[in-house]
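For reference, the structures are reproduced in the following blocks.
In what comes next, subunit A is part of two complexes: it sits with subunit B in the first one and with subunit C in the second one.
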Partner chain A sequence: MEERRYRSASGAPIALRCRQHSASCRELAVRCPRLQLRSLSAVTSAVWLAAYGLFVLSENSVVLSAAIFITLIGLIIYLHFVKIDQESLLVIGSLGIQVTSSYASGKESTTFIEMGQVKDVVINEAIYMQKVIYYLCILLQDPGDPQGVSEVVPLFQSSKPRLDCLIEVYKSCQEILEQRKTAPHQA
Partner chain B sequence: MVLKVFFPSCCSSAESGILIGRWISEQNSAVILAVVHFPFIPVQVKQYLSEVQRVTKVSVSVLGSWSNSKQEKEESLSEFLEDLGTIFSHEPWIQISKEGDSKFWSCSTLQKHSNNPKEEEIILVYYDQRKVMLSHLHPPLDAAASAEQKAEDASELSAIFDTVAKSKILFMTDRYDDGPIKLTHWQSDGVEASIIVELMKQASVPACMLLTFLLSLISGVCRSRALKFWPLSFLWSKLSTCEQLGHRLQHLQVISSTKKAQNQTQLMRKANIFVSLLIDVALGILLMSWLYRKNRIGHLADTLIPVADHVAEELQNLLQWLMGAPAGLKMNRALDQVLGRFFLYHIHLWISYIHLMSPFIEMILWYVGLSACLGLTVALCILSDIIALLTFHIYCFYVYGARLYCLKIYGLSSLWRLFRGKKWNVLRQRVDSCSYDLDQLFIGTLLFTILLFLLPTTALYYLVFTLLRLLVVIVQGLIHLLVDLIDSLPLYSILLRLCRSYRLAAGVKFRVLEQQDGKPLRLLMQINPLSYSSVVQTYRLPTYSCYPKDSWASLCKKLFLGELIYPWKHKGEKQD
Partner chain C sequence: ENSPAPLPERAIYGFALFLGSWFGFILYLIWAYVPETWLFSLGLTYWPQKYWAVALPAYLLVAVGIGYILLFGINMMSTAPLNSTHTVTDNYAKKQQQKKFQEEAIPALRDIPISEVNRMFFLPEK
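And now, the complex of A and B:
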């Protein structure tokens, strides 16, 4: 179980942790940068200054309590629905791939894709604003067409690691995915 | 090849015995359903299993052996367990053994007729048997459409959920039964049941039959010939209250049918309709008790006439404004006066009728308010109908203004074609050139000029009344949206998702438990519940009304040409 440091597409520091539970089971977790105290205090002070300015203009103290209320609710919503702390990939050969995102408030949202539906795991390029970034994605099999791809599931969307980190993850996944091709199915 | 063993977590502390379950060979996985304890007679076990197989249509068989020894491993026991493999021939024979209170079990397989001698990896997946049995796996929404193709290509998870759900009869025998077979599963400590649920099940059959009888009487009365005469049937089709009552009657018929629900969707639909009706009636009774408490109905009736008077007064002021120089525009005096006086007289007639009705308003409102006990939706529909009746004069003005404007526009377009020397060919549906006589051209141009200069006046009246009509339509539309929301919201499914989230499964999630080298991989399989938005989308009840059928572009076109607009057309009504 080792942890290595990389950078995300926007330059923020991220960490990749790779754990091997057994010969056909691997867990890869990317930890996103934490919520900075600087930005949190900057936003809070901006909101409260604006509210105080409004209070001076309107002489109504409801503005101040409303500002506090809004800040608290906004922070709770941000932590519970927006800020992702860690994104992990659990690859279990012959069962499937599980993608988990854990939010800053502790909530975890999980999706499990069965191995029968997974066609391949590849690194794709995408144009994002003015940059070209790389992202890892799972290609799902089209049940009607054996050569076709029915859906593309992108991974690590909020941490956006760079190519060097993605290559590590890609190599780990491919080692396990290859096992299902070499092992013949029983008749 | 990796072998997957799905082990129920309730059997972790069971005594030694043999494992029974289903072997899915395509996926190389074994789903263990129960543990049969010693002593047993192999013939009886085989008989019992074939009976279970016949009833549940699940191929249940003996899969392996389970040994739970409190002390050190006994050699004789392990040999005995291997010998059992020869009695119940199953390929591969799975042997799981647990020592003392250790979390890490050892798992091995015996293959007699295998080609590859190498040791295969074993994954041990623990699952909660009760939750998996009660849960219903929902396929992804886009794949549900192609469900027929997926039937043969059933995913691994749905096979597991299916197996456990269909083996209900296996879980009916508990350890207090005096049978030859002693099983351990999630219900082996005693079958669970709730007295209230059983009593309700017994009481529901006669209640349903009574309800069906009453409903057949009511629908017979509704369908009788007496109510089908022309004025009455026209009235019923226009009032939204009757539509809503018919809709609710349909719902009642669905829940009161004595046939048991065939599958999950039907069961959820019945439950949703029942809960929705209950909440509706409860809210309606609450509203009624609030309305009748301090004679608020009386106050409401008292304020109705002054409000109608006030609306009429405002309309009169508006018409006086239009008859003068509205917004600085100069109108054609004669036409202005004619239209203005016509509409003023109309308002005067309307006010007289309202004042004629005023002594009866309170009584009518009092009795109509009683029907709120049928449900909040009925009360809202009545409100919408009252608004429609009170603003009937606005609707009339809109129709007059629209027809006048429409005539004018058609006249203008046809005379404009004449002005340019063209004609509309009805046969070919296109514009053709045509040579007109001199007097035709002269009269045509004259009429065109008259219509053109009278256009601003009619256009202004049309604009004002269309805006008023749109306002009323928007208010009615909002009320109907609310009624739709109450009608179609699947409250039972949302409550189920809140309280028993494992019943509605979108998928599963795995958690890796503590590992030890040399022992098989241990995973915990938990149910991943459906998100609230997919619950609402999957279990929405169908409603009778549809959203505006005109797109914005066609609506604007209709407004420009003066065609009458009916944005909230109901399903099943003939198109205009």
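And now, the complex of A and C:
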């Protein structure tokens, strides 16, 4: 269980941890950088300075208490709904793939995709905002068409690792997915 | 037949456009600057309000400025999101026919599925 350091698409440092539970079960976790104290204090000071400016203009002290309230509520909402701490991928050969996102407040959101629906795990390139990024995604099988793709599930959306990290994760997943073809399929 | 070389017809079209644009510009200046009473005394009573001589250029400039932002926004809206199948395939690729493989010939052009491309790029050849 080693932890290797990589960079995200925007340059932030991320860490990849790969655990092999058994021959057909692997867990890959990408840890995002934690909330920086300097950015938190910068945003708080900016909001409080703006509120103080409004207070000086309007002579109403409600503005100051409202600013404190907004900062606290905003921070709690950000930590609970926006800031992702760790994204992990658990691949179990015969069962399926589980994708977990852990938020900074401790909340965990999990999605499970059973192996029958998984066509492949690939590295896809797409236009995102003004850049072209590589991202890992699960291709879901189209029940009617064996060659078709019904849905694309992008992974590691908030940590956005770069290609070197994605290749590691891709190779790990492919080693397990290849066992599907060699082992007899049991419904 | 379709060459960009100068031709007599093109010279005539160009000169007609040149005269026409000068005439339009002088007409616009007259409409904007000559006082209404002088125009009425000449019998030209049904010309548009002079307000439009300022309003139309203003509208045009604002439209050009908004057009930059609008085009940018339309581009962003038309970009397929990361979870759409359009990043992986499209109608032409789904309906393509597989041509038979011939020995010693260059393989026919086709859209290669993304799984195959990934295996070729990222899995080392043994």
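In this section, the second predicted complex is superposed on the first by the 185 of 187 C-alpha atoms of A that agree within 3 Å, B and C clash if a C-alpha of one lies under 4 Å from a C-alpha of the other, contacts with A are read in each partner's own complex, and residues count from 1 in each chain.
Rule of thumb we're sticking to: a residue touches a chain if its C-beta (ideal position, glycine included) is under 8 Å from a C-beta of that chain, and two chains touch if they have at least 3 such contacts.
On a predicted model such as this, the values are computed, not experimentally measured, just so you know.
With the C-alpha superposition on subunit A as described, subunit C and subunit B fit side by side in the combined arrangement.
Legend: residue contacts after superposition of the two complexes on their common chain; A:P143 is shown touching subunit B, with no touch to subunit C.
Once the two complexes are overlaid on the shared chain, A:G116 sits against subunit B while remaining clear of subunit C.
Residue contacts after overlaying the shared chain place A:L49 against neither subunit B nor subunit C.
Using CA centres, the angle subtended at subunit A by subunit B and subunit C is 80 degrees, rounded to a multiple of 10. Contacts of A:I127 after superposition on the shared chain: subunit C is touched, whereas subunit B is not. Following the chain A superposition, subunit B and subunit C show a smallest Cα-Cα distance of 15 angstrom. Against subunit A, in their complex, subunit C makes its touches with residues 76, 79-80, 82-85, 87-89, 94, 113-115, 118-119, 121-123. The touching residues of subunit A, when paired with subunit C in their complex, are 119-120, 122-129, 135, 137, 139, 147-154, 157, 167, 170-171, 174.
Here subunit A touches subunit B in the complex through residues 21-25, 27, 90, 92-95, 98, 100, 110-112, 114, 116-117, 143-144, 183-186, going by the rule given at the top.
Listed in rising order, the residues of subunit B touching subunit A in the complex are 1-2, 4, 25-26, 28, 121, 123, 125, 146, 149-150, 153, 155-157, 507-510, 512, 515, 521, 523, 528.
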